[in-house]
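In what follows, a single structure is set out as structure tokens and then discussed.
A, B and C label the chains in the order they appear, each numbered from 1.
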Amino acid sequence: MLRVEKITQVFGGVTALRDVSFSVAKGEIKGVIGPNGAGKTTLFNIISGIYRQTSGDVFLAEKKITQFTPERLARRGMVRTFQNVELFGNMTVLENVMIGLHTKSRSGILSSALKFPTAIREERRIRQKALECLEFAGITEHAEETADNLPFGKCRLLEIARAMALEPAIILLDEPAAGLNARETADLGQLIERIRATGVTVVLVEHDMELVMDICDSILVLNLGEKLAEGTPLEIQENQKVITAYLGEG
Amino acid sequence: MGTERNVLLKYLLFSAAVLVAPIFFSGGYLLNVLVFVGINTMLALALNLLLGYAGQISLGQAAFFGLGSYISGVATANYGMNPWTALVLAAVVVGVIAFTIGFPILKLKGHYLAMSTLGFGIIIYILFNETIDLTGGPSGLSGIPYFSVGEFQFDSDLKNYFLIWGFALLMILFSVNLVNSRIGRALRAIHDSEVAARVMGVNARLLKVQIFALSAVFSSIAGSLYAHTMTFISPASFGFNFSVELLTMVVIGGLGTVYGSFLGAALLTLLPEFLRTLQDYDIVFYGLLLVLMTMFMPGGLVRIPSLVLPFLAKFKVRRQGNA
Amino acid sequence: MSEQLLQYLLSGLSTGAIYSLIGIGFAIIYNSTGIINFAQGEFFMLGGMSTYYFLSVAHLPLPVAMLLAVLLTTAVGVLFERLAIRPLRNASPLILVIITIGGSILIRGIAMLIWGKDTHSIPMFTGNEPLTIGGATILPQHLWIFGITLLIIIINRFYFYNTVSGKAMRACSHNRRAASLVGIDVKRMVLFAFAISSAMGSVAGIISAPLTMTSYDVGIMLGLKGFCAAIIGGMSSGIATVFGGLLLGVLEAFGAGLISSGYKDAIAFIILLLILFIRPQGLFKKAETERV
């Protein structure tokens, strides 16, 4: 599904990532872990087209997507969430999800402003679909609230609902459990399982080890910008290098 | 959804008010002022689509207004073109210019965007002043014909009132529909978080440029209408100060609201007429208004009802509670 | 011909020096707050206009008038920061742009209320006997401009590199959060930034007033030119912006002399747009890692 080849990223002389390669199989849940500063978020930013890497390539379904813009990636079925939650704060929860359906609709400025019948029909369809996505994430009762007024836990869910509206082939979750309490984290775990059940490939960066070990099929460990290990949760838990890296830091 | 009906109802009420307004002001010079309110409404609306919805500032709106005016004026006064054709020609030319410069300009953000649009506005202003053979330079361009349909000429305040408000109402309808659509949503998304909008597949760069061009076309049409109702134009109407005045209208009326554009335009056009004593000092007034509104009422005038109504309701409830 | 060119060069350099001072003012505020202060040009105007006032209306001696003018402008700058910028510290760039525009209109408007719409001039600092250098003539006032600009740049450099508060200010410009974490009072630094740049703006206004006259609305154009200088210099509060200002001044002088004086002002804005489009990091800096 996703293949990353020898990604290197240098920021003004500091090497944030060095020759990182890995791949994610279709329908898999892949965890990316590592101590702070390991380069996890940088890696995500490169894959999702927000940074331009110094060198290396990214492939999506065997198609080279190196340096594609985020909007182009969205049309190819790749979507992501953000560590700090990037919602459209002044819009309602429903409208947030409706933005997720942007690529699934086509009305332009003229047909929207002149209310062509196609635009009206499309709008109705978008609304319907958005409501379904809210239900999927279990936040239907908040549909008409302004996103800025949502409690933090719900914001995370909304961001995922919005991403799922794109009907992505692959979803990148950047620390989805950060800031959630134990219960919310458990719910999130279930939601991620449900996402996978719909056939979507999941890659997540996460600090919550319990969650990662619980739901991931395979894990990539980064340390100081380099790939330290890759394997099943069990293999990773027993990997001596990984243990040293974490204990050395803590 | 009931809201869709409300949107339509609001529009119809507004249109009705516009249609009957001349009855109360017929013959007076105030009707002439209301013609200007119409033109400024179009200009404020154009800026509001860009600034209030897409969150992209432009301090060069007067340039598009001026380009529309001058293309219309020069084509009709110097080359005998039909005013209607000139209006369309101006709108197309200005649209193409805005679309072209939009790509490099809208790559910039925030303060840099403000400065570059301002720079563009001043360059155009200098052109109006310096291309004397074409525009008459600082002393202006006169002899611009009125609009006409057959024998009927739009040569009085009343006729122009309906002409200009006809256009303004069309633009308002266009904008109301647009902002309540998929495109309007995408614009607001760009405003809130451009990176998230892009991740959701919104082609932010293209959309920003498109809305910039649309805003320029609206301004150009307003410019043509202005030129053919005034029959005289001079560069002084299209300088940096007017761009700032438009910005003030939008901020005062309410960023991101269609009718707020009208409120701001109406207030800033009417007030100086009532406060004749202010004379040149209206500039102090604008500055003060701009600062105070941004600091204390960032929602603009249009939000007043939603601030006051709940308060009144609470008050009423309490009174009933006491009784 | 070459004398003519030298003449252009000299007058360009002196205008350019003024642009540099205003540009550095822009950069200092930008680096400590991330704000482009649209009111920057008004400090320039206040310098010239209030010197005129203290000199011709209050009949104070020139040095005293100048000192009072700088103090007054600095006070306005500080007040502006306190009343308008600080309360909106966390506002979006859009709101900040609007508030500084509002502030600049307000300052300009008040200046018009107090001093009227007339153009005023103040006398040259030391006579108006022209000097001849290699066939070109310059006025003693030009020398004052070069001298004072140079002095300010040196003081500036000393402040930023050799004093505690200057170093703290540089730290703020690199990373505001980190600076506050190591105990630097960022709020105070912002206030300093406004004080320094308003003082610099007023000095620029004072030294150029004898040559170019002054009125309530000179700030708009000069502010924009100063911004252009800062953009060429990549928003550096040091030597790069000085070069930017000098370059702009010289280009304008040659443009006005060789092409057309009417388009002189357009030159700055064409340069401004080109730099923003092609090299937004300025002429002298290397591009930073690209973030799409």
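Following the convention adopted for this analysis, a contact is a pair of C-beta atoms (placed from the backbone, for glycine too) under 8 Å apart; a residue touches a chain by one contact, two chains touch by 3 or more.
Bear in mind that the values here come from a model prediction, so they are computed numbers and not experimental data.
A.B. asks: By C-alpha centroids, what is the most central chain here?
C.D. replies: B
A.B. asks: Farthest chain from subunit A, going by the mean of C-alpha atoms per chain?
C.D. replies: Relative to subunit A, the chain with the farthest C-alpha centre is C.
A.B. asks: Express in whole angstrom the distance between the two chain centres, defined as the mean CA positions of subunit A and subunit B.
C.D. replies: Subunit A and subunit B have C-alpha centres separated by 40 Å.
A.B. asks: Using mean CA coordinates as chain centres, what's the subunit A-subunit C distance in Å?
C.D. replies: Roughly 46 Å, centre to centre.
A.B. asks: Using CA atom averages as chain centres, what separation in Å is found between subunit B and subunit C?
C.D. replies: 33
A.B. asks: At least two other chains touched by the same residue of subunit A: list those residues.
C.D. replies: If we look for residues of subunit A contacting two or more partner chains, we find 50, 69-70.
A.B. asks: Which residues of subunit B touch subunit C once you look at their complex with the stated criterion?
C.D. replies: Per the touch definition, subunit B meets subunit C at residues 51, 55, 57, 59, 104-105, 107-112, 114-116, 118-120, 122-123, 126-127, 129-130, 240, 244, 247-248, 251, 280-281, 283-291, 294-295, 298.
A.B. asks: Which residues of subunit A touch subunit B once you look at their complex with the stated criterion?
C.D. replies: It comes out as residues 48, 50, 69-71, 73-75, 79-80, 82, 86-91, 95, 98-100, 102-103, 105, 107-109, 112-115, 119, 122-123, 126, 162-163, 166.
A.B. asks: Mind pulling up the subunit B residues that touch subunit A in the complex?
C.D. replies: Listed in rising order, the residues are 174-175, 177-178, 181-186, 188-189, 191-193, 195-204, 210-211, 214.
A.B. asks: Can you name the residues of subunit C that touch subunit B in the complex?
C.D. replies: Subunit C residues touching subunit B: 30, 35-36, 38, 84, 87-88, 92-99, 101-110, 112-113, 117, 220, 224, 227-228, 231, 260, 262-263, 265-266, 269-270, 272-273, 276-277, 280.
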